[in-house]
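Structures given as structure tokens follow.
Heads up, the next two complexes both have chain A, just with different partners, chain B and then chain C.
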Partner chain A sequence: MPSLLELIVLAAFGLGLVVPAWWRSLGKRGSAWTAVVPGGLFVWLAAMGPGEQTSFRPWAPDLGAELAFRLDPLSWIFCLLITGIGALVFLYASGYFGDDPATGRFLSTLACFMGAMLGLALADNAILLFVFWELTSITSFLLIGFKSAKEKARKAAIQALFVTGAGGLAMLAGLVWLGLESGTFRLSEMPALPAASAGAVPILLLVALGAFTKSAQFPFHFWLPGAMEAPTPVSSYLHSATMVKAGVFLLARLNPQLGELPLWTPLLATAGALTLLTGGLLSLRATDLKQILAYSTVAGLGALVLALGVGGESGAKAFAAFLVAHALYKGCLFMAAGSVDHEAGSRDVRELGGLARLMPWTAAGAGLGMLSMAGLIPFLGFVGKEYLIGAALKAPWTLPAVIVGAATAGWAGFQTAIRPFHMGSTPEAGHEAPWSMRVGPLVLGGLALALGLLLPVMDAARLNDVGAAVWASGDTPQIKLWAGINAELMISLASLALGIILFVTWPRWQQAVVERADRVKFGPAEGCRALLEVMPKLAGFAAAPFQQGRLRIDLLVVVLTATLLPAIALLRHGGLSGDLELTMPLIHEVMVVAAAVIGAILSSATQSRLAAIAFLGVSGFSTALLFAFFGAPDLAVTQLLVETLAVVFFVLVFSKLPRFAALGSRWVKLRDAAIASAFGLVMTALVLAVLSADPMTPVSAQHLALSVPEAKGANVVNTILVDFRALDTLGEITVLVLAALGVFSLLRMDREEAEAAA
Partner chain B sequence: MRSILLAKLAELLVPILLLFSFFLLLRGHDLPGGGFIGGLVASAAIILLGLSSGPSAVRQAMKRPPHLLLGWGILIALASGLPALAFGLPFMTGLWSTIPTPIGEFKLGTPLIFDLGVFVVVVGVVVTIYLEMRSA
Partner chain C sequence: MELLLAVGIGALFAVGFYMLLRRSVVRLLLSFVCLSLAANLTIFTSIGLQRGRAALARAGEAAPEGPVADPLAQALILTAIVISFGVLAFAMVLVKRLYMVHGTEDLDLMEPHGDSPEEGSGR
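Our next item is the complex of A and B:
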């Protein structure tokens, strides 16, 4: 039976599996009900509390991979954010998509993302964590490119996958190295990495590279604003509240192992501060609601990395408080922005105005989110900002970045929640969003207020426990709503004032900034785009000598390689040295071999294509007979069937082939004959060499001995295929499928082009 | 160019061949056969139908586009590795049980499900390529 933790992950993936059918049978009404699953998980997790739970199951023990899950305060708060905001997003998406026929596919991908994210938060094994990590990248790719007919969406999806995928590979290397260094892949059992160990610096750099790309840290921040091509439910869920926090989560998770390294604080604090600054400043040029929020999300992620980098009590407090505060207000504002786009048909702040009269509920929800984002007491955002400034005071050189970040965050909040709703004239058309899209902003905004208000009485979000999990000193920090009048409060108020000034003066400077920013034609985003363009060219350049697009040349290269490499290996190992015990062949064996040889010779000498195929068939069937003679009935049957099917396929293309002509000159023919003969000779020599090799225990004996007792089968060919080496077979059938898909799309493309031309 | 002889022969042979392909699949673990060979025989049967009655007859008989089988095959093969996890064994550990029937004991195991996945993939690959080439 699956454990409780496994059930949580399975429930999300299960939802992904059934949702298309669910949506088909219930339609629009059904899609709103999908929110029940994440909602139920949320209630369950909330009721369970952050007490430690573990579950274990072997997966591939030899590789260190295990299905180990663990719930602790850090993963608990992440799971609550994933399921809670997930429930609201599912609800929101049901209104956002309405009767769109693609809704089923969308909700299914979203549910799979949720499962991957929950798995990532709960994983207690480095390999397992990586698998879920990659799954979030892949589902994010599918969701960004969801409107796949739009070129911009496809490009943004590829860009995001490219950046996060590259980082993921680096992270895998780092995790494996860390696992080898500490002797276990179980995260909760890994000791702190000693700073003197050889791997300390590279491990930290590799892991940080993975985290920085995923969490859009400078200079990898550019994929996140690009990802805004995704439908808004995705932006508010993946690209603000959950997935982009995976990198931050990983750093927090590995804080006990890596946090004491001397490089940790400079690396993370610098990256965080730079990202905070970049995101905050770049947000000023944006006029699209979602772009404003996206850049301010970049800044928010930078703030979290900064908090982790500073570490200690203040860092832990800042991390815990700001993590939850940011997820709540950003999810809220994204949903509100999506509603505005949905109902008013625009996301450009220059065009929007006066919507509060038409959309009072959305305006109210956005207002709550804005107040939290600007950091007003008693909202949770105030607490987060306060402690963030506190953390920055411990590393004073990051203070300017934090002030800029806080000011621009306030500005972004006002810009997205005041300007479209309360300023300008009310348009005539437009109406309030459906109720399913009103709930999200209101609940998240309300929570941002309630959690802050309740803080003096009770720590409802268990922020102190989360802080303790990150702090890793054994003590529990005390997060307070009101810490008195101190330096933090003064700086907080100053940044708020700065934000208000930015907001009020915006009409005066916005045009100049936008125009100047549009003129900038270089940066990390352009670099990535250039790289993506150069790579296929580079690949084409490298492949050109080997693959010229002409089958004859390609074959020549393949055969020559397969001849020369074994030949060199054979010569270097002294050629054929061992003893060979040869038995006299029987008369029928000689006859069949002769038939195969004659068939091969005739097929290359004949002037007719049909005859060539027939003679090749003779060779093939003779080989099948040989297999049968020497006790390999499975091979014989397979060979026979493949030969038969090859004839059928040949008949299909026969009429489409060009004239059977002698294309090569005399010299070319001689060259090909020489290469073919050499290939045959080398293969023969290779087989003889293998047979005469030093008598090691061949693996076949082991397979034969174990076939019945271990794999419960008497046909050893089959037990190897489906039991001993089943993973290889799985790989092989995957290759088969890819080949079939290649044929499928090539032929379809050809046909569709022909139809389009006709 | 339809041959009445071939059509009648196919009518007779296709069901027998399909049945035979399942027989090959089931016996494969102990005797020559298995998912690969079974899948090839089943594809040959389907192609025989195509040769005698045309590709539209194949499309009709398959009900769903055959390229969907590609995904299903991989899924079945993957799913065969899961039951072991439920028993606390590593992924893809083969599990077997024998079911006594009046005609003798019948072995049932997860590797058989894996082989079924191979079978489905092979049929999907061959029939997909056949149909696409026919219409190209």
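Our next item is the complex of A and C:
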């Protein structure tokens, strides 16, 4: 019976399994109902609360892998975000896709992603965590490239997989190393890594590489804006609210183990600040609603890494508050942007305007999200921004980045929620999005307001517990809505003012910035693209000497390698110096071996096709005789049957073809003969080397002893085939069936053509 | 005897590879047969030869008595014989098809994308 925590993960994957059939039978209405599963999980998790729960099941104990799950405040809040936003996204997707026949496939992949993400959040074992981590990368790949007919979507999907996959490998190395160093792979039992240990620096760097690629930190940020090729439900779910936070989650999860290392703060704070700066500044050049939001998501992720890097109480508070605030307002704004795209047919902020009259609900939801994003009291975004600035004050050199990030975040909010809706002239055509697409922005925006408003009364999102889980000092921080008039508030207001100035002056500078930015043709994204182009070329260059596209030349390389390498190995290990017990051959054995060899040689020499087949038949029958001489009656019988059938087939299929043409010059024949002879010589030596090696107890001793009592068979070869190694025989039969099917279909093709020609 | 068989195996491998390197596709098939024989004999010989002693238990015996030929190697070879026959049958039909589509059995005359008149119908 699966535990509660396992059930949560299984439910999501189960949804993925049944959704295609569900959608086929219920259609558009059915897709809206899929939101019930994540919604139900959300309610269940919310009712359960963040109290600690664990579940354990052995998996591969020798490898340190176990199905260990653990619920704590950090994983609880992640699960709530995953299921809560998940429910809204499922609902949203049902309206977004409507009757599109690909909806079933889309929702199924989305549900599998949700399962992987829940598993990632709940995993308490490093190996298990990695498995779910990779699953999120793969589902993300499938979802980014969902419109697979679009080349741009495919390229973006490959780029995202390339970057996150490479980072995932580095992370695996780091996690394994960390597990070996701490003696356990159970995350909750891992002690803090001592700074003096040999692996401290490389472990941190490897794990950080995984986290930075996943969470789009500078200089790996470029894949995230590219991922905007995905349908908007994906962008709002994976690429703003959940998956991209997996890297941040990993760092928060390992904060107790790695947070005390001296490199932690400089590494994370620098990466976070740089990412904040990069994302914020790059967002200014974007005119596509989704691109603006994508770059500001990059900045938001940078802010979270920065908060973790600063650490301590202020870092933990900033992380907890901003994590939830960001997920809410970004999910909200992405959905609103998708609705605009869906209904107005454009995402270019330069073309949109006056949509508030047509889409009042979407405009209202986006407005709420925007106010939170800009950091206005009493929204949760205000709290997050406040504490973020507080954390930055602890590492003052990051303050400029935070101010730029906050100002551009405000600008991005206004740009996506005011300009398309409340400015410019209302287009004639267009209408409000369907209700299923209105719910998401309104609920998320409303939550951003409610959670902030409620904060003085109750900590509904349990932010203080989340902060305590990250802080790992045993104390619980106190997150407040209003911390009084202090430096943070002043900086917050200043950055808000800066954001407003940017917004108001945008029409004046946008053209110059966009044009100048378009001229930049270098950067990490171009580097990645070049790498992807260079690697196949490099591989082709390396393979060219050995594979020239001519079968025989390729074969020659293989034969020569198979000759030279064993020859070198034989010579280096003293050749055939071992004891070789030889028995004298009997006269009939000599004759049979001679017949086999002569048959083969004649078969290769004759020009007549029929003679060649007959001569090779001699070799085959001689081999059957050899089997019979040396105690293998089964082999002898089989070989006889097969040989007979083969000769008959050969004659049937090829008798009508002309004689072999004499192809190839004398020189080529001599060369091939020399190489083939050398290979034959090496094989002879190998057989003798094997025979002269020290005898070992054969595996078959067991078969001989057990054949009669256990398998009830007197013929040990037969009992091995049908009893001890029955699965091998099943595989063999499968191969035969496949071959027979192939023969059948090819022959039928011939016959159909003959009939068509007649 | 081992020496004799080892030399025989070497000869079969040599002839097999020599045929593999020819331009005729049908020779390719024959070389496949020859190489299968050589490979099976290699396993058979390397495990150690036992004249006339099959791994069979007489009636009433709990196990075959005395030194017998290794049954596991035989089981492996038996599987190999049968599978190589299946592959051979498929390869034969495939080669015949190749010949019909290209009108030649010379590998060097077969164009990668086919320029023979039958190409269109050969798909």
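Throughout what follows, the second predicted complex is superposed on the first by the 595 of 758 C-alpha atoms of A that agree within 3 Å, B and C clash if a C-alpha of one lies under 4 Å from a C-alpha of the other, contacts with A are read in each partner's own complex, and residues count from 1 in each chain.
To be clear about the criterion, a residue touches a chain if its C-beta (ideal position, glycine included) is under 8 Å from a C-beta of that chain, and two chains touch if they have at least 3 such contacts.
Quantities reported herein were computed from a predicted structural model and do not represent experimental measurements.
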Could you look at A:Leu551 and tell me whether it touches chain B, chain C, both or neither (first, second, both, neither)? second
Give one of first, second, both or neither to describe whether A:Ala196 is in contact with chain B, with chain C, with both, or with none. neither
Would you check which partner chain A:Phe649 touches, where first means chain B only, second means chain C only, and both and neither mean what they say? both
So, A:Val457: does it touch chain B (first), chain C (second), both, or neither? neither
Looking at A:Ile485 after the superposition, I want to know if it touches chain B, chain C, both of them or none. Which is it: first, second, both, neither? neither
First (chain B), second (chain C), both or neither: which does A:Leu727 touch? first
First (chain B), second (chain C), both or neither touched by A:Arg57: first
Answer with first, second, both or neither: which of chain B and chain C does A:Ala149 touch in the superposed model? neither
Is it chain B or chain C that touches the larger share of residues in chain A? C
By the touch definition at the top of the document, which applies to A:Ala739: first (chain B), second (chain C), both, or neither? both
Is there a shared patch on chain A that both chain B and chain C touch, and which residues make it up? 633-634, 638, 642, 645, 649, 653, 714-715, 717, 721, 729, 736, 739-740, 743, 747, 750
In the complex with chain A, residue positions of chain B that touch it: 28-37, 40-41, 43-44, 47, 51, 67, 70-71, 73-74, 77-78, 81, 85-86, 88-92, 94, 96, 107, 109, 111-112, 114-115, 117-118, 121-122, 124-126, 128-130, 132-136
Complex contact set, residues of chain A against chain B: 1-2, 57-61, 67, 633-634, 637-638, 641-642, 644-645, 648-649, 652-653, 656, 711-715, 717-719, 721-723, 726-727, 729-730, 733-734, 736-737, 739-741, 743-744, 747-748, 750-751
Sites on chain A touched by chain C in the complex: 549, 551-552, 555-556, 559, 580, 582-586, 589-590, 593-594, 596-597, 600-601, 603-604, 609, 612-613, 616, 619-620, 623, 626-627, 629-635, 638-639, 642, 645-646, 649-650, 653-654, 657, 660-661, 663-664, 672-673, 675-677, 679-684, 686-688, 690-691, 695, 698-700, 703-705, 707-709, 714-717, 720-721, 725, 728-729, 732, 735-736, 738-740, 742-743, 746-747, 749-750, 753, 756
Along chain C, where are the residues that touch chain A in the complex? 1-24, 26-27, 29-30, 33-34, 37-38, 40-42, 44-59, 61-64, 68-75, 77-79, 81-83, 85-90, 92-94, 96-97, 99-100, 105-108, 112, 121
